[in-house]
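Chain lettering (A, B, C, D and E) follows the sequence in which the chains are written, and residue indices restart at 1 in each chain.
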Amino acid sequence: MNAALLFATTGSVLETLPVTLRDLVTGWLPEPLRWLVNSLVGVGTLLAVIGLLFAYLTLAERKILGRIQNRPGPNRTPIPFINLRFFGLAQPFADGVKAITKEDVVPDGADKVLHFLAPVALLAFSIMTLGVIPYGRHLVLLEFDAAVLYFFAAGAATELAVFMAGWASRNKYSLLAAMRALAQLISYELPLLLSVVPAVMLAGSLALPAIVEAQGGWSYGFLPQWHVFTPWGFAGFIIFFISALAESNRSPFDLPEAESELIAGHLTEYSGFKYALFFMAEYFGMCALSGMGVTLFLGGWQAPLPFLEFIPSYVWFGVKLLSLLLVFIWIRATFPRLRMDQLTRFAWKFLVPLALINLGTAAFWSLTAGWSGPLQFVRWAVALALVLVPFTLLGRRLSAGVAPRTYRYAT
Amino acid sequence: MNPELLTPGGANVRAVHDAFHGDLLEVSMGPHHPSTHGVFRMIVTLDGERIVKLKPVFGYLHRNHEKLGETVSYLGSMPYTDRLDYLSAMTNNWAYAIAVEKLAGQPVPERAEYVRVILAELTRLLNHTCLAGFLMQDCGCSGTPLMYAFREREKILDLFESLSGSRMMCNYQRFGGCRVDPTPAWVDATRTLVGNYGAFLDEFEALLTGNEIIMARTQGVGVLSAALAINAGVTGPMLRATGVASDLRKSDAYGVYPRFQFRVPLGAHGDVYDRYMVRVLEMRESIRILEQALAGLPGGPIMDPKAKLRGFRPKAGEAYGRIEGPKGEIGFYLVSDGGPNPLRYRVRPPSFINLTVLEDMCLGQTVADAVIILGSVDIVLGEVDR
Amino acid sequence: MIPLLLIAGLTLATAAVALALRNLIHSALLLIASWAGIAAFYLWAGAEFVAFAQVLVYVGAVSMVVLFAVLLTRRSRDDISVAIDSPARGIAALLTGGAVLGVLFGAVISSPLGAPAAGARPSLSVKELGLQLMGPHAAALLIVGVLLTVALLGAVVIAAGDRTDAAERKPEGNP
Amino acid sequence: MLGSGLLQGLAVTAKNFVGSFHDPARYTTVEYPEVKPALPEAYRNFPFLVSENATDPMGTLRCVACQICEKECPPQCIYIEKSKDKKPDAAGKPQIYPAIFAIDTSVCMSCQICVEVCPFDAIKMDQVFEIATTTRFEALLLNREQLAKPNSYYHGIHPTEAAEVDARLAADRKAAEEKAQAAAAAKAAAAAAAAAKAASPAPKAPDESRRSPQGEGGPPTPKPQSERGAVS
Amino acid sequence: MTYSPLHLCLLFSSALFCIGLIGALARSNTILVLLGVELMLNAANLNFIAFWRYGPPTAPGTGVIFVIFAIAVAAAEAAVGLALVIAVYRHHRSIRLQDANQLKG
């Protein structure tokens, strides 16, 4: 009992630690100024943490890709002055120095203004999306009533920047990439939004903290009431995740920068720091979408089991975020790229109908929340059927004419 | 086609300028493009992303191979054949050796024939493994299948290195046998490798063959009809993928191949997936051949004792030697006037001839398809451009 | 008041420049900026939901369609820049627009609008909005839904209708 | 069901990821500058000239400047100029030696043909592979002094092959000595000329080494002039 | 007379409306005309919000809801309009308004 109390107190102290620290720093300021400084501190901390995450995410991605491909990945860059290698942990900074010192080449025929604006805009939009995500119980930078809408509004603008980059470069590969980026955005915005609607529906709010709160608690004492552990939530999460892969231009949907087809797509004519900005924006976007996925379906900052609640919420959020990012990398290491027409067909003929049906499933789930006893099994069975049957049927439609083959032999 | 586009230097600027003038976009893919497998160039005319015209341009790696063959001795050409299709030096060596042996009437000891079969099949494994890796890289895998393929290829290359002294430029076959006799340790190492290769293929196939994305990307893409393939002189796995049973190992029965039990896998659709699968199945048959050849490897000399190395002058005449290389029929045509150099030296490069049907396969497909169709042809520019 | 002036100035400037530019892509991108400015105005006015909807619909969707249309309907890169073809037309448009502007300004300035109730910022949470939409305005919502579906289908049919025609068209070589 | 192939693929990559931490077969990288790859004995890269004695490499080159390798070299990267005078070789016999022997390693393709055609076992394949230089021309054009390496070095890199070569050379030398002795005896006793003839086929006894197919097993009298012109 | 923020908003919206109008009238490029019309629509929306914000308190949210519907309709209009532009372009190989003056195919 005492131990539990100790855990609880340390837990709550740790929980509010970031806020306490901030108040320690800014508490002496007069009120309007304090608000401003508080916001600035919040933004600064977020950017620092996400920036560091970005730096080490690039390293982690390369190292994990390397390990999957039976090689070590970057491990040689030493820490300057002390010349200690330490698994190449200085690599991201070396990359940064390289990117900054490289010559910035702008093609002669390029639309110079747009060519410059594109990476800046992309980064700005990506950072904007990061603002609304609740990183912990007390760690929300921007509290909007319509935060979900804000997130997707800002996210939708990123593809505009990709288009700008592709168009401004005056390179045919870039132009093709720009067209691809537009088509991809139009196709995947819809399933992305539709997959989010059930989560909003069940929470009855567009505010992200409310959605996280709605996923608190445990059914049967151990199963977290995260959306992902319900049939509709699982389906929604998968649809969201696939669409997020497409939205953040990650493999297997990295068509705008398909390196085997379009050299580097919209990045072909970018070099030096601008290229690094694109890279950064891609990872920020990936983090933002992962954070959104965690918030909407994986219970946000909620602990997975009751007795683990003493660990602060932001740690849980970080753990979940990192595991989702790991899946991003894992998928990149495994899958080849889709073709443009397959990509759009997959969105329109598979994801969108599934997401629509999933809306119905979620409605059923919320209407039958009161069912208990044996009716619980009926509830699960119906919901599972509502998810699996359309999945199987649509999947069969989608993969019609594509199947493993048998081969004959001439002897 | 604007003739100016073909001129090097400034051609790209001009192409960019012109391309924006029509609905059609003309893209010059290569010679410096990540997936043209070397310095190969495709001038692709696109309607949206569909290809309405494709003009292959090659010759960037031309090294005067055939003329060079006429200026050096018969033996001197042997290391140059390594550099034709640098993934399958051993089979190139063998085809050239067969041509010269025919010309000179040079017999080959049985042990050498067995060693040649072993090396040719190892080369086939190596080449097809690499090709599958490259193809998947073209499909957009981030290097993973390629790295697995290279991991296994390294093991075969290690065998080649410990036998011939070089990983890729083996220069191993000689007229009337092989240069070095494989030691029992080498044979054991080969046996181990062959024994493990099936397991690797299983894992490789688990990663790729059933993958829905790969099936969607490759099935029905780049279809080549059997009639066109025959008319164009296409050979090797590409021809067999169209369903034509043609394998020189069966029809020519050169070397000691008739002694081995193996089957020839045939495709039915002639698309990229069939080309990939035919190669994978061929690898499994190669493993069977290797097991039989390693089990039956006889003793005896590796070189015909009467074979001459210095002062080799075959009598006047002509000969065409060909074998079933990993990429198709690799053949060498030689005319001798009795001198130390061939009077005429001509290569039948399989990947060059297979490449001629590229446009037919690509029309109506998208840019992304063109890349994998090119990948499925299995070209090596060293051989295409010679 | 200052934010409003800033927002208005930026929105008007981008809109005016956008419609005066020769380069279609620049026009489209500037207009997107102008739409974003309008969204900023909504945000300033406290209509949060509308602001995000504006961004999502205009910056996220309409802009894409516009850019797509620009790219799909160009015969050459030069087509991206379009000239104002007849000065007379421009002058006529300016005169008409100026007249309308004068009338509107006159009307606005002369109208005795009462000063707003001090600090009476109407608040409307998303929940209330949703309840209103699904309550009194449910019929309108349904009709808009139907309209959007029909518009979507119609757009697809119109844009794809000429497919056979396009396929029959001979690929033109470079001029 | 849709996706089963994808899941299978994910399983394979996961297996490789985990395997790379504990299974050497799944972690094949050799971190090169620190860890040198083990070269097989047969490995070859660039030729060198064998000298009998490390202390006097130029005096004990096996090469007699017969120029066969120069002629047979496919990319023609060998340049030899014969000496005007003769110097005693390792066996004490006066021989022509290469006044200039240069190999352009930027042209050489390490095909080993010079080694195979050399009747004197004078040129052998080296195993260098860190030969990067900062200049493109001079540093890669190796001259006689840079090319000469002692027989002990040869034993170090290709032990089996070198042992065979040494055995053969010793046999040849012995045979040659016997032949010389026989010849001397024949001169001394003119009547015993028939006996000397009977001794001469001895060097042609079947040679077990893998270099036997070269035809004549023993050192033939160098007759470079007679074979000249084949390449030109 | 002092001007309230409402006056400013209304002036803003009328100016935006006129810019849209001038653009729609002066340009012959179909896409630009369409964009001008969109701007005019947006100007109208501005009024709704302005009156919702500063106008007399009526039923809460009416202005906002009207704008939401207007945005939805505008999106539909843009989609159909641009589809029409593409269809016209397919037919006439031009998106100048003058070239599409015949009501026949």
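Criterion: a residue touches a chain if its C-beta (ideal position, glycine included) is under 8 Å from a C-beta of that chain, and two chains touch if they have at least 3 such contacts.
What you see is a predicted model, and the numbers here were worked out from it, not measured in a lab.
K.L.:
Taking touch as defined above, what minimum step count separates subunit C and subunit D?
P.N.:
The distance in steps between these two chains is 2.
K.L.:
Hop across touching chains from subunit D and tell me the fewest hops that reach subunit E.
P.N.:
Minimum step count, subunit D to subunit E: 3.
K.L.:
By number of C-beta pairs in contact, which two chains lead?
P.N.:
Greatest number of C-beta pairs in contact occurs for C-E.
K.L.:
If you average the CA atoms of subunit B and of subunit D, how far apart do the two points sit, in angstrom?
P.N.:
Computed from C-alpha means, the inter-chain centre distance equals 31 Å.
K.L.:
Return the distance between the CA-based centres of subunit A and subunit B, expressed in whole Å.
P.N.:
About 43 Å, centre to centre.
K.L.:
Mind checking the centre-to-centre distance between subunit A and subunit C? Centres are C-alpha means, answer in whole Å.
P.N.:
Inter-chain centre distance comes to 30 Å.
K.L.:
Take the average of all CA coordinates in subunit B, do the same for subunit C, and state the distance between these two points in whole angstrom.
P.N.:
Whole-Å distance between the two chain centres: 58.
K.L.:
Where in subunit D do residues touch two or more other chains at once?
P.N.:
Counting only residues that touch two or more other chains, subunit D contributes 2-3, 6, 9, 12-13, 16, 28.
K.L.:
Which positions in subunit B touch two or more other chains at once?
P.N.:
19, 26, 144, 148, 151, 207, 209-215
K.L.:
Give me the residue numbers in subunit C that touch at least two other chains, ranges are fine.
P.N.:
Where subunit C meets two or more other chains at a single residue, that happens at 49, 53, 61, 65, 68, 75.
K.L.:
Which subunit C residues qualify as touching subunit A in the complex?
P.N.:
Contact set of subunit C toward subunit A: 25-26, 29, 32, 48-49, 52-53, 55-56, 59-61, 63-65, 67-68, 71, 125-127.
K.L.:
Over in the complex, which subunit A residues touch subunit D? Could you list them?
P.N.:
Residues of subunit A touching subunit D: 64, 67-72, 330-331, 333-335, 391-392, 395-396, 398-399.
K.L.:
Over in the complex, which subunit D residues touch subunit B? Could you list them?
P.N.:
2-6, 8-9, 11-13, 15-16, 28, 40-45, 68, 72-74, 109-113, 116-117, 119, 125, 210, 212-215, 227, 230-231
K.L.:
Taking the touch rule as given, give the residues of subunit C at its contact with subunit E in the complex, in rising order.
P.N.:
For this pair, the touching residues of subunit C are 1, 4-5, 8, 11-12, 15-16, 18-20, 24, 27-28, 31, 34-35, 38, 41-42, 45-47, 49-50, 53-54, 57-58, 61-62, 65-66, 68-70, 72-73, 75, 82, 84-85, 89-90, 92-94, 96-98, 100-101, 104-105, 108-109, 112-117, 120-122, 124, 128-129, 132-133, 137, 140, 144, 147-148, 151-152, 154-156, 158-159, 161-162, 165-166.
K.L.:
Which part of subunit B faces subunit D closely enough to touch in the complex?
P.N.:
Listed in rising order, the residues are 71-73, 75-80, 82-83, 144, 148, 151, 154, 158, 161-166, 169, 171, 174, 176-177, 179-181, 203, 206-215, 302-305, 307-311, 339-341.
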